[in-house]
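Given below, in the form of structure tokens, are the structures.
The same chain A turns up in both complexes below, where it pairs with chain B and then with chain C.
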Partner chain A sequence: MLLQQIINGIVAGSAYALFALGFTLTFGVLKIVNLTYGFYFSAGAYLALFATLHGAPITLALPFAAIAAGFIAVFLDSALLSRLRRQQAPELASLMVTLGATLFLYTGMTALIGSEIQRFPLGLIESAPFRFNGASISLTQIAIVMTAGLLAAGLIGVLRATRTGLAMRAMAENPQAGELMGIDTGAIMRRVSFLCGAIAGASGVLIGLEHNAITPYMGETMALKGFAVIILGGLGDVGGALIAGLLIGLLEALTAGYISSIYKDAVGFLLLVLTLWARPFGLFGRASVRRA
Partner chain B sequence: MPAALDDFLWTYQSLIASLGVNGLLALSMYVVLAIGQLSLGQAAFMGVGAYASALLSLHTGLPFPLELAAAMLIPAAFALAIGAPTLRLSGVYLALATIGLGELLRIFLIQSDFTGGALGLSGIPAKAGFTLIYGCLAAATLALMLITRSRIGRAMEAIREDETAAAVSGVDLPRYKMTALVVSAMLAGLAGALNAHASSFIGPNDYGFDAAVTILSYALLGGVGSPFGSLAGALVLTLLPEILRPLQDFRLVVNGAIIVVAVLYMPHGLIPWRPLRIGARP
Partner chain C sequence: MTDIMLEARGLTVGYGDKLVVRNVDLAVRRGEIACLIGANGAGKTTILRALSGLLKLRAGSVRLNGEEIANRPAHAIAARGMAHAPEGRQIIAAMSVADNLRAGAYLAPSAAEISRRRDAALARFPRLKERLTQQAGLLSGGEQQMLAIARALMADPTLLLLDEPSMGLAPLMVEEIFSILATMKSEGRTILLVEQNANAALALADQAYVIEAGRIKLEGPARDLIDHDGVSAAYLGG
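After this line comes the complex of A and B, so read on.
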């Protein structure tokens, strides 16, 4: 029983972490809270659904959905945010634009394809779970845990060890100075947007597969969890997001198992408020206060 | 009252009531935006006010003004709890913390039998007439107008334009921000209570993300230069779907598009003029 709760917690936590990786990266490098991020998650799931309904195997549908979601992200980023960047508008302006765009995209998508729950075709992926010691885990769940771990490690590797990663960190520190040092900031922004869109899209496919239920608003539910994860992990901190995601997932599973499933969804939000009270810059963050 | 006017009021009573309620909501959003903060908890504050007053009406015999006071004070307590940790930080934190508040409220309302669960509360006595709704709206507008024109209003504008400069000039940032958030929660709670007692039914899904963003779109369309801007935004966005019937299915799509266009291309909104300060020469 406890083992199963822990497995459930790690799977859910990896899903939150997977989703939050791109979210926190957007904030870390581009310094904006991009609320359309949840939409890429829904879009990824629907793109993969569309591909699999037309006969594509999941091994093809997943990369297709991720790449397409990445391009959607690049397009929306330049349509919505490049103007504000040029004007050096206050950070809340970009938050508001993406908020409006989120409402527009979700309601537009619902108007076009309806809000009914849709499912992937049967037999798309091996669904019989592996059993051991009375607990079970499915292939999709293993894929989610593996992807989250590998992706977090890969992202940290890219950020620390490559020139692109160096440029991203420079932009996170000071975009103007970065530009003066010869960094093509526009190209880096597009790469970061693409990467984030692709991560969100891929996590939408995997989590859509695991729940086997796809709705237009699935990204919004996930985004609400994502806020808790990225604040708990520290805004912009990739490793922190992984740990915070796992922590929230485990606490939710244990709450559902031992207290009541009613309070499960409140866990993330309560952790968020507690974090803001006790450690506002995240579990591992350092304060960077701007003083006059 | 002439019969024609009576007919008109009867036919459009729910629209007229929601115009007043949305006006109050727009003002509550204005108060926060006017100091350069963003709260996405207005819908949740409204829901807390609505449920608190409706439960008091259904289960106790308290006089209505006391219920309205409770509908303002309870959301104010929530605002204090959310504002205390977040207002010390940059504006993003308040926005992210309040966005979750609506979702938490919805989970709680659906699970709790006391609040009617997923069915919501019905049969709330119709105690809020047009006079009360528009009286509250007029009083709130007048009060905000006077504040905007006073020393406090100038401090608020200074915070919105440049926090650091305002702080250096001796503006007590935390106090202004907290007061603005609490006042805005009180206005939203009042709007919720009036709405509950005008429409007689409230449900747990009325106060979520969509509602919060819609309230933001009122204020952004009208502009936050003066309280009238936000009021005008609420007026336009409440009437538009009524006038253009085909728009009804797409009203949220339109609200979303309006926020995008307003922030990108008309940062000062429909009503860009700012009120003259008290004592200023025209």
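After this line comes the complex of A and C, so read on.
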């Protein structure tokens, strides 16, 4: 049974990591804890549901939902935050604005489509799991693990080795210095918003498929876990988010399997508290290197 | 094309409802160094930030090579050939020295051009060469200042704005920075320099402006200002 627990842990952990990748990138580049991020997750799931109910195959519904969620993110970011950014408002202001907006958006979505659980049409994706050594894993679960791994690798590659990645790292620390070097920081911000919205949307689709249950507030539950993951991994650290996600997923699965599922949701936060106590900048975080 | 590379007219800038720069006219000629000197809080940094697009003008015009650039975004002004090494260095502390230099050449047309500029910058600042992989935030203050200038040079600018390149440096390092500026001048670079070190700045510059409380108090060829009684009393320690 251990093998199955580990598989469950890796799948759950990859799901957390997948969601957290865009969350941590938003923070890392835009320097904002953007709570609307959870909404893009719910929106992605509903957009894919809408597309599949109208006959689209999942191979079409997934990119459609991701792209649409990306545009929603760009729109909401510029509507809610660009003004605050221009005036260099304190971080708490943007936190409160995105919190208020998120509550409003969830409420609006619930009013529009109801709060009951909805499901993807049957037969949308091969549901018979692969079996080996008494353990099993489904196609959706494999997709979640692969997407999380490839996306994390891709993002790290972009940040480290491309011109846009260089610009993202520079403006993350000092947007004005970035502008002076010729970086159109507004344009890069829009690209990052789009990318993060699309990641949230795609993870909403995949995790909605995996749980086969879609509700307006699914993003809120996920955001709480995502928060733990990105703080544990170090805010803005893409590789850290992947490892922290897997760690929390595995810990939860093993707790549920060998201790009691009652403690499952608490154990990730226990890890977070203990880690922060020992390492205030997260598992891999270093103290600030800036010198006067 | 005219001989004037940068020309500001009626430059007026403020923060909130307070104007701190009023009706400033200044010009920088091609191949020359112009310098701004003045007491702390006179408005020198504010003038540079307005010229490079970091601050909006309340009034006035700025022409770079004859083209009006007032109130264009800073990145667009950078794309027209102005590089600004801001006050306080503003290097990217979390990135390596090499990445800071690469970022300075963000608008360079090709990889070959970036490495050409990098070789030139490192030849000018050999200390940075040994520290390429080091995190920029861990450089000494003087090295950070060199990196800030080198990064601005990576843009291969037609006009370079330098805000107190000698700030906080030991006398020997100040001398080194000024000798590098002198070399850049002899190579024909056009520079607008802000300096507290008024003696050295006036000895180096062609044209000088004395800023007082946000206005131009005196202007003229730098050598004339060295001998000017008011300037020497206020800024040259005698």
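One rule holds in what follows: the second predicted complex is superposed on the first by the 288 of 292 C-alpha atoms of A that agree within 3 Å, B and C clash if a C-alpha of one lies under 4 Å from a C-alpha of the other, contacts with A are read in each partner's own complex, and residues count from 1 in each chain.
Just so it is clear, a contact is a pair of C-beta atoms (placed from the backbone, for glycine too) under 8 Å apart; a residue touches a chain by one contact, two chains touch by 3 or more.
Here the structure is a predicted model, which means the values were calculated and not measured.
Look at A:Gly154: by the touch rule set out above, it reaches neither chain B nor chain C.
Of the two partner chains, neither chain B nor chain C is touched by A:Pro57. Legend: residue contacts after superposition of the two complexes on their common chain; A:Gly182 is shown touching chain C, with no touch to chain B.
When the shared chain is aligned, no partner comes close enough to touch A:Pro121: not chain B, not chain C.
When the two complexes are overlaid, the chain among chain B and chain C that reaches more residues of chain A is B. Once the two complexes are laid over each other on the shared chain, residue contacts for A:Ala170 go to chain C alone; chain B is not touched. In the superposition on chain A, chain A positions 290, 292 are in contact with chain B in one complex as well as with chain C in the other.
Of all residues in chain B, those touching chain A in their complex are 36-38, 40, 81-82, 84-86, 88-93, 95-97, 99-101, 103-104, 107-108, 111, 164-165, 167-168, 209-210, 213-214, 216-217, 220, 249-250, 252-253, 255-260, 262-264, 267.
Considering their complex, residues 52-54, 73-75, 78-79, 83-84, 86, 90-95, 99, 102-104, 106-107, 135, 137-139, 141, 144, 151, 155 of chain C touch chain A. By the touch rule above, chain A contacts chain B in their complex via residues 33, 80, 83-84, 90-93, 95-97, 99-105, 107-108, 111, 220, 224, 227-228, 231, 235, 262, 265-266, 268-269, 272-273, 276-277, 280, 290, 292.
Note for the complex: chain A touches chain C at residues 163, 166-167, 169-170, 173-174, 176-186, 288-292.
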